[in-house]
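In the part that follows, the structures are each spelled out as structure tokens.
Presented sequentially are two complexes of subunit A, the first with subunit B as partner and the second with subunit C.
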Partner chain A sequence: MSETARRRRAIVGLTAPAYLWLLLTIFLPLAAMLCFSVLTVAPIGGREPALTLKHYAAFLEKDFYRDLTWRSVRLGLDVTFWCVVVGYPAAFALARHVRGCWREALFLLIVLPFWSNGLVRVFSWTIVLRDGGLLDRAVHWVVPGAGALDIIYSYPATVIGLVHSFVPYMILTCYLSLQAIDDSLIEAARSLGASAARTFLRVVLPLSLPGLVAGAVLIFVPVVGSFMEPRILGGTQGIMLGTVIEDQFTTVFNWPLGAALSFILLAIVLAVMLAALPVLRGRLAGAEGASS
Partner chain B sequence: MVDKGFWGSRRAFGAAFVAGTALLALAGTAHAEGTIRVLNWQGYGTDEAWAVELFEQKTGIKVEHDYFNSEQEMLTKLRTSPGTYDVVLINSSFTGDAAAEGLIQPIDTSKIGNWGALTPAYRDNAMLNIDGKVMGVAWLWGVTSFAYNTEKLGAPGSIGALWDPANAGRVGWRDDAVEAVQLAALATGQNMNDPADMNVIREKLRALKGQIATFWSSEDEWNKLMSSGAFDLATYWSGSASRSKTAFGLPVEFVIPPEGAIGWLDGLSIAAGAPNPDGAHAFIDFMDSAEFYVKWDTEVGAPASANAEAMAALPEGAFNRVVLGDPAVGERLQFMAPIPEERRQAYLELWQETKTYFAE
Partner chain C sequence: MSRLSQALLGAVLVFLYMPIVVMVVMAFNRSALYELPIEWDTVWFQALAGNERLLTASMNSILIALANTVIATVLGTMAALAFARFRFRGRNLMRLLLLPTITIPWLIIGTAMLVLFFWIGIGRGLHAILLGHVALSIPYVVIVVGARLAGFGPALEEAAASLGASPWQTFVRVSFPVIAPGVVAAALFAFAVSFDQFVISYFLSPPGVSTLPVEIYAAIRKGFTPEVNAISAIIILVSMGLMLAFARLYRFGGERGS
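And then the complex of A and B:
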């Protein structure tokens, strides 16, 4: 057996389990949902389905689906933005300024939310944010005359809950990019007379961009489809495309419409990513150029 | 509630027979062993720890639970896991759907010792008796209307209180399309099971913008929101209101306004392919017993029982006896009828559109 054939075999053997796993857990359920989305009724319980595109047409016919799509995309953008604002500086501090066991301890604190159940995290926010809750009391303790802090059951409450859930992704991906930056590059910039701000903008930020982008993608995609957090924290502002999709499965037996809306959401997410791609590609290429 | 008379007369002939077989049924239950799996809303009677313990003492049958958060979830669980559940709680407006899909099996009423004690109007209800077969045993009935915080509001005299600008931002509303449409139908003087003018309902629901403080979805959530003052009046279920008062000590009072309220009837059914049908019959009989119900209502709080003897055994002054037992109240109720799938879908779309309008 030639060397190349053996190599090829090894590659197939080593990657096959992963691809099989992807096929079983991602591709097949997605394919089943794609089938459901073009049927009149879900073929469960002896129902006779027929082919149709009416569920996709429904999305275009009803104005409120468009409003909901915009609400969901805006939620995704807002949450991603705040994750960058909160997560990037934290990752920067961890990677560049914290050393030794402190770094590990801080890391543990960042990853800790991942270990608790998502529902518990969201409900704990209802305790913090409600009138007379922890935050309300803290504010009144500092500023006794402050008015009622009316945050719970609103759009900001949903954003706060989601940022808390997803910010670890941003910190982890940015941290990986930032700690890989060679200190000598920064020293070189400083010795050539660049200010700290200029060094950050021209050297550190471009080099950490891949982490920033990875974090943003990891956060934006699930947040656009989120339904639990808006439902629990959003109150009357909690309706999103995600909650409407959930309704099709839980309150009416309309899996086809739910599936069609899911695929429309998927298409929108892909479209947003594609739109962002040229910008990112330019920047990323620039970053690679700078590091080489 | 159609065909009541027909079923009533037919059942009357059978009553003596049923009473005679009650003894036999009791003897039968003593032999039913093993475990049964119950599918129900969480905290809705069947999973009371003392009741499960008492039932196991009596019959040797262990009771396990699984829960659902919506009727569709319940139907989906029955559809996708046949042979898993024994007893399932089904709102009578869904019993017909479940029976038509073959998700539940006919009840052998000779194994239900309390059959003869059930109020005929509920026991023989056409929604539970399908094609001459008993597909669900009437268990509980109650009212969906609203309750208010007695420390913060005076007694509301009308369903209009939910729309009253004085209560803007203080109303709690269950995030449920059918309930929303039915309450709006009552508020606009329409037949809630067949509203004549959906545009009026649409406008009425849109008028809730600014009124609703937040949505609630479970009894537990309702209690938390009411006690924290997130809302001061909110749509609610009669049984839950009595639990909030009795078990949680909340200062709330349930209102059945002159415009009417939504009446509903819950039945217990046996899943098709139930692993332990004898145990299921025994458990349903136990759930319909005065022994279980009186303790449940007085110590925890419950909707009204379909068992007339159990209702009569309630203490004087109990809400379920005084208010729901009042014939004048009974006349104000419109009982929930089955809703065809297309109409359910239309209600959901209307409600989603309305909620999108609320969020603008």
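And then the complex of A and C:
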């Protein structure tokens, strides 16, 4: 056996099992769903489907679906915004003001909850936010006679639960880009007379932008597609694109409509990722250029 | 560290841990309505021990996670070895193809699997759930093991080969001992991915068969049951323990900091 043939066999033998698995469980299913989304009925149980674009047309024609999509996008934007507000300063403090083993310990503490069950963490917020729960009691202890808090099963409750679930992403990505900034760049800016605020805006923030954008994408994408969190914490205000897709597959059984809505969700996700790509790539390339 | 940084990081940690601590503490409260003051009791853990549905679901979760760990770690490590040791056409494309699994919302992947599996007769069930979990775990294994492989060049392997070792001997005696910590870390990761996975399992579980997260979701939607609190407390402690072990092996982030 020649050397190239042996090499080829090794490559195919090593990669084929994993990629055949991914083909069966990721790529073929996505293709199957695309097929389903243009059928009148699911081709299961002997029913005769016909080709149609009515599910996509319904999305464009009915205000209900447009509102729904906007609700999900707004949820994604709100959660991302609050993750930036909470996560960036925390990452900044961790990367710039904490040293040594303290930093390692804090870093671990921040990412640790992230690896515990998301469903369980959302459930834990129902205990904290419910009427007569911890938050309710705390508010009434500070302000006796305050009205009922009434926050559980609302939009804010959903946002709180999702920020709690995803803020470690933002801290992680911002921390990685902030701690990579060369201290001498900041010292140079300060010694040339720039104020602390100006140094931050003109040096630190642009250099940490890739981390910020990466974190925003990593948070926005799953939040737009979330259904379990709005379902548990959102009550009647928790109807989102994700929950309607869930219903199509688990209770209404209109799979073709569910498939079409899933593809619209996928289109939003891909658009966001493509929009973020130049920032990530351009900034990374820029950073490499500056350092060489 | 400055006062402001301390206060800020302290507040973030309180935000992150407060609901988890409250939940674990409430699991030991006798009152089903979370009434205060707390009457310490293990009544919900005892109730849990008698809850067949939750116990069966827990066993399913553990079995699937174990099978997933073995399959995903083997397949992922093989692919990582190919990417690290060979330059070939399509290599970059193949690595790019790992990303959809990580970046596309699980809701879309889960419903798409449901559609295909029904269509071609795989159907729903524990086997379908295992198929899905392995798919989610493979990319992480490739990345984690790949990072470890990138840390040592092919020089050691070439030395072994030139001294007459067969490719298999080289792998067992030279490569594997070096990448072993990465492989163990990847295996822990794969276990956690599967054990915590809810969305995929939810769409692929037929009535009557479920994993722990699916069972918990059903219980939460039906109205709360305090046993869920008890099992949730156990899950949180187990998965955090697993991740502490992972962090010790892999030291992600830590090394850069010091």
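Basically, the second predicted complex is superposed on the first by the 242 of 292 C-alpha atoms of A that agree within 3 Å, B and C clash if a C-alpha of one lies under 4 Å from a C-alpha of the other, contacts with A are read in each partner's own complex, and residues count from 1 in each chain.
Please note the rule applied: a residue touches a chain if its C-beta (ideal position, glycine included) is under 8 Å from a C-beta of that chain, and two chains touch if they have at least 3 such contacts.
Note that the structure is a prediction, hence the values are computed from the model and not measured.
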(request) Once the structures are superposed on A, label A:L277 by its partner contacts, choosing first (subunit B), second (subunit C), both or neither. (result) neither
(request) Considering only the touch criterion stated at the top, classify A:A57 as touching first (subunit B), second (subunit C), both, or neither. (result) neither
(request) Pick one for A:A138: touches subunit B only (first), subunit C only (second), both, or neither. (result) neither
(message) For A:T251, using the defined touch cut-off, is the partner it touches subunit B, subunit C, both, or neither? Pick first, second, both or neither.
(response) first
(request) Would you mind checking which one, subunit B or subunit C, touches more residues on subunit A? (result) C
(message) Just to be sure I read the superposition right, which of the two partners does A:Q237 touch: subunit B = first, subunit C = second, or both, or neither?
(response) first
(message) For A:Y153, using the defined touch cut-off, is the partner it touches subunit B, subunit C, both, or neither? Pick first, second, both or neither.
(response) first
(request) Once the structures are superposed on A, label A:I44 by its partner contacts, choosing first (subunit B), second (subunit C), both or neither. (result) both
(request) Check the residue A:W125 against both partner chains and state whether it touches subunit B (first), subunit C (second), both, or neither. (result) second
(request) List the residues of subunit A that touch subunit B in one complex and subunit C in the other. (result) 44, 130, 132, 231, 249-250
(request) Show which residues of subunit A lie in contact with subunit B when the two form their complex. (result) 44-46, 62, 64, 67-68, 71, 130-132, 152-153, 231, 235-239, 244, 247-254
(request) Can you check the complex and tell me which residues of subunit C touch subunit A? (result) 1-2, 4-5, 8-9, 12-13, 15-20, 22-23, 26, 34, 36, 75-76, 78-79, 81-83, 86, 88, 94, 97-98, 100-101, 103-109, 111-119, 131-132, 134-135, 138, 142, 167, 192, 195-196, 198-199, 203, 213, 216-217, 220-221, 224, 228-229, 232, 235-236, 239-240, 242-244, 246-247, 252-254, 256-258
(request) Would you pull the subunit A residues touching subunit C in the complex into a rising list? (result) 7, 10-11, 13-15, 17-19, 21-22, 24-30, 32-33, 36, 43-44, 86, 89-90, 93-94, 96-104, 106-113, 115-121, 123-128, 130, 132-134, 137, 164, 167-168, 171-172, 175-176, 179, 221-222, 224-228, 231-232, 242, 245-246, 249-250, 255, 258-259, 262, 265-266, 269, 273
(request) Using the touch rule from the top, collect the residues of subunit B that touch subunit A in their complex. (result) 69-73, 75-76, 79-80, 101-103, 175-177, 212-215, 217, 228-230, 341, 344-345, 348-349, 352-353, 355-360
